[in-house]
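Common to both upcoming complexes is chain A, partnered first by chain B, then by chain C.
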Partner chain A sequence: MEEVNSSDSWDNVEIGKIGIWFFILTEIMLFGAFFSSYVMIRWGSSVCALGRTAWPQTGFKQGLILALLNTVILITSSFTMVRAYAGSGNRDESFFKKYLLATILLGILFLLIKSFEYALKIHHGYFPGSSFLETNPGLTIFFSFYFMLTGLHALHVMIGVCWNSFLFRSFKVSGFSGQLTSKLEYAGIYWHFVDIIWVFLFPLFYLI
Partner chain B sequence: MFYFLRGLIFASATFSIIMFCLSFKITTQAAMALAYFSGIVAFLVGIGAYRCFKQWLYGEKDAETHKEEIGWKRYFQFTLDHKVIGVQYLVTSFVIFIIAVTMASIMRLELARPEMQFLSFEQYHTIMGMHGISMIVVALIAILGGLGNYFVPIMIGAKDMAFPRLNALSYWILPPAVILLVSSLFFGGFDFGWTAYPPLSVQGPLGKLSFLLAFITVGFSSIFGGVNFMTTILRLRAKGMDFFKLPIFVWSVFSAGIIVLLATSVVASSLILVVFDRAMGTSFFDPSRGGNALLYQHLFWFYSHPAVYIMILPGFGIILEILPVFSRKPLFAYKITAFSFIGIVILSFVVWAHHIFTSGMWDLLTIPFMITTELISVPTGVVFLSALGTLWMGQIRLKAPMLFALGFIFNFLIGGLTGIFNADVPTDLHLHDTYFVVAHFHYTLFGGVIFALFAGIYHWFPKITGKMFNETLGKIHFWLIFIGFNSTFLPMFWLGTRGMRRRVADYPPELGNVQLWVSLAAILIMCGVITFLYNMVQSSIKGTTAESNPWQAHSLEWQIPSPPPKENFEQLPEIKSLPYEYGRIPNRIL
Partner chain C sequence: MEKICDKFYGIIYLVLIALTVLTVLSAQMDFARSLTILIALSIALIKSSLIALYYMHLRTEKPLIYFIVLIGIVTVFILAVGIFPDIAIGL
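Then we have the complex of A and B:
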């Protein structure tokens, strides 16, 4: 194995890691397209609500609090993910199991809070096509982007939760064998990416 | 065959059940989208993909549990061998190609005389859109997915692609997409061509939704393929194969892979927005509810212009791979050509708005986009220089692959030069959406990509099948297609300047004679395609056995038996030089 193409720095990187980074690249372009569309429409058109003053006040504060809670949850889950990775690196079974399980549960908690927030918004009539928004094109397009982007993000969280659960089961079936550490690292890269997307989503939809 | 049928049954059952249950609860549009994606998952489970991924996930050994059938049955199964997947891609793309050719013939029958003959306007538009999207898919997957999958690992001295499961997955999500696309004819069709501009694409029958979903699936497949190619080329090269010893075809696939990774998800975003507008009642493209219809065109062309380079770059690669072999000379200006591929990749991302000069874009932006578009002819010119420099004073052998390569150079020159008129703002205002544009992109995509595909298939046919094709039929095929193609599409430039609009089924009677000529000339193309298909089927069954290196070529794929054994190489090779060391270099040329 020594000196296989040592001039070539690519050879020191695992294949799966290169693949997952390329995949993240396409995801960045996907979310980038949506983000830039949102920014273009929000600041480029005359009808779309500019600034928080134009927004409805009913139910908005609750939404903000829930989103803030979700931000904390996701960032914590990124931390537990790193701990789980460290645990698998040290072959520390109970440590690993604890933190991977925490990551999965935090992801599920995020989804629950998110669906509660959706229900709240729909209850107040803040969704495109509702009779309440029919007279307000600015809010219609705002909530179009809101539901599409947060929905897509929630789908990514769901995939991440499934991925982590598969890894958990994989650990139950065959322990640390079968390169679990590398697979956990790929899942971790993806999970951090999903986290970062939320860090962009939160100010764009709740603060600015 | 069993797995394939099981997949189909699983998929159709899931699709029908979900469609039936959900259409009471939510809108038909949303139900169809959910049912379709569940259908794909069911198809993958049926075909055996789930088991394969489970093994990877739980770290079980592949060889013990994943059963692969032998012989032709492997081609109907979730097989991981990159050569099988390459052939699957090729055969699928020819099935789609036949659909597209049929649609084109119906269009030419309708257009042969002015006024309406036997189609309604809606039917004509659906058939035109079907022809368009089918050929786009063929151009996207045939060279990159088919020949790329088969030959990139062999050319760089690897045993397989970097991610064999992902590779099989990227192929196997295509058949459901193709089935959905064809079935859209029964859901009311789609009358927006292949571009699906809103607001037209937001209204109307369910067939449009099938088009959008199928397109998104092809995008997914393309992204998986792109990730795989990039990783394979970066990581699995044989010992000594550094970047400037790669065959030029690998370089072209690498460049196309960059575009796939950066651009494809953007088109997915635009289509997802349309699906949301249709199924969820959002208002992204509805100006009366705060949206912006032009947004779609920007997102769409941000992918769809670079996409033509995804199609043509591997085409360049094939041509530049064939020219040295058949003129017995090293590839001219190898390094500069590789760099010019990268130049094309970079420039391709800053030209998209030349498609929407007339759509109401900000006028000030038209000039920068015109300039960048014309700049892209510089690296393309370098590719031409490399092709002509390779031919110069070579010992040219006019075999079928070489004929197609030369035909490519001729056609693509016309296609490239007429592109300048479309890129120039003043002329484009006149020529936009006319047959001039139709002729231009057929010269680049049919005269370019499809000619390159034919060249590549003739070149590598002995390697893939181990049989020799019928050279006479190959030459007949070339001359039929070459003459037929040029006499079909050259008059279209004239039609366009006379004001013949594209995408319409009826036209002024004074254009009738030229249109009739075009329809008659298209028969030659049909005959050519039939000759080709006959030749391929007949030769792969009854052809004479080919030697392992019938063209005396130097690249790696010709140094192993034909067809290649399961893991390609008995011993991984070690690379010492470029694969183009053919004899002496003529005096004072370089």
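Then we have the complex of A and C:
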């Protein structure tokens, strides 16, 4: 009788890993639905059609520079996260602590820059309901999508920072364990996914 | 072995930064609208694939995990394709 290959069965994969990937699946659907509707809205728009940036000239360059800086920060934090995971696997305490702390700080820096960028946008009157949009009503939907999607992404970054901080504290309290390495892997998968979302948000909102 | 892995993560990081710079530079060029969109989204797709395959370790995952990710990608594809008729009507 032919032996059944069970390499792809549920039993062979950690239950926690299946859980985090199912969570990522729901996130793909959530952001995918928003991205699809955003592309459709901009494609059919006569005011901010996709292909050229929709931002008004005033303050656009500052916004682009801040968003570019945030892109580099998030990519760097993905790199530090994967290094922290490697440090955890090797039980290298100083390596692990250094890189996990760097990931947390980079996440906080991303949020600070995002807040500063929001403040700039509000200062220029680029938000739904502002007097600027009363004279440019075609851009309202673009700004609504901008604040909704970048806000939702920022919320995910906040959750990631809290999750990583919790793991850092767990390490301080009870040191390395197989469980901590697994938890760090799940947190890493989430953190990298948050990075992937930004990889799409950046060109969609600032470049095309 | 670990040193090779660390070096590899570093190379992926540099590639991601280079692709980010390339996205910004290509958007400044005076290409046709559709070409600008195609370049920006293709680079985003390459970057996200690199992050998923190497940083999220999808490359070494079991087929079950690929299957879970595939459900999400197919669903988003159906959503996007389902919207196309609306775009065509709007043109």
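Following the convention adopted for this analysis, the second predicted complex is superposed on the first by the 187 of 208 C-alpha atoms of A that agree within 3 Å, B and C clash if a C-alpha of one lies under 4 Å from a C-alpha of the other, contacts with A are read in each partner's own complex, and residues count from 1 in each chain.
Quick note on the criterion: a residue touches a chain if its C-beta (ideal position, glycine included) is under 8 Å from a C-beta of that chain, and two chains touch if they have at least 3 such contacts.
Since this is a predicted model, take the numbers as computed values, not measurements.
A.B. asks: In the superposed arrangement, does A:V13 touch chain B (first), chain C (second), both or neither?
C.D. replies: A:V13 contacts both chain B and chain C.
A.B. asks: Kindly classify A:V82 by the partners it touches after superposition: chain B alone (first), chain C alone (second), both, or neither?
C.D. replies: second
A.B. asks: Does the superposition put A:F132 against chain B (first), chain C (second), both, or neither?
C.D. replies: Touch status of A:F132: no partner.
A.B. asks: For A:F200, using the defined touch cut-off, is the partner it touches chain B, chain C, both, or neither? Pick first, second, both or neither.
C.D. replies: In the superposition, A:F200 contacts chain C only.
A.B. asks: Regarding the shared-chain residue A:F34, is it in contact with chain B (first), chain C (second), both, or neither?
C.D. replies: The answer is first: A:F34 touches chain B but not chain C.
A.B. asks: Applying the touch criterion given at the start, work out whether A:L180 contacts chain B, chain C, both or neither, answering first, second, both or neither.
C.D. replies: first
A.B. asks: Examine A:F116 and indicate which partner it touches, taking first as chain B and second as chain C; both and neither are also allowed.
C.D. replies: neither
A.B. asks: Do any residues of chain A touch both chain B and chain C, and if so, which are they?
C.D. replies: 7-8, 10, 13, 18, 22, 25, 29, 32-33, 37, 40, 44
A.B. asks: Can you name the residues of chain B that touch chain A in the complex?
C.D. replies: That would be residues 57-60, 162-163, 166, 223, 226-228, 230-231, 234-237, 239-240, 242, 261-266, 268-270, 272-273, 276, 280-284, 288-292, 295, 299, 302 of chain B.
A.B. asks: Where on chain C does chain A make contact in their complex?
C.D. replies: By the definition above, chain C touches chain A via 2, 5-6, 9-10, 12-13, 16-17, 20, 23-24, 27, 32-34, 36-37, 40-41, 43-44, 47-48, 51-52, 55-57, 62-65, 67-69, 71-73, 75-76, 79-80, 83, 86-87, 90-91.
A.B. asks: So in the complex, the part of chain A that touches chain B is made up of which residues?
C.D. replies: Going through chain A, the ones touching chain B are 4-5, 7-8, 10-11, 13, 15-16, 18-19, 22-23, 25-27, 29-30, 32-34, 37, 40-41, 44-45, 47-48, 128-129, 137-142, 144-145, 147-148, 152, 166-167, 169-170, 173-174, 177-180, 183.
A.B. asks: Under the definition above, what is the set of chain A residues touching chain C in their complex?
C.D. replies: Within the complex, chain A touches chain C at residues 7-10, 12-13, 17-18, 21-22, 24-25, 28-29, 32-33, 35-37, 39-40, 43-44, 49-53, 64, 68, 71-72, 75-76, 78-79, 81-83, 86, 90, 185, 188-189, 192-193, 195-196, 199-200, 202-204, 207-208.
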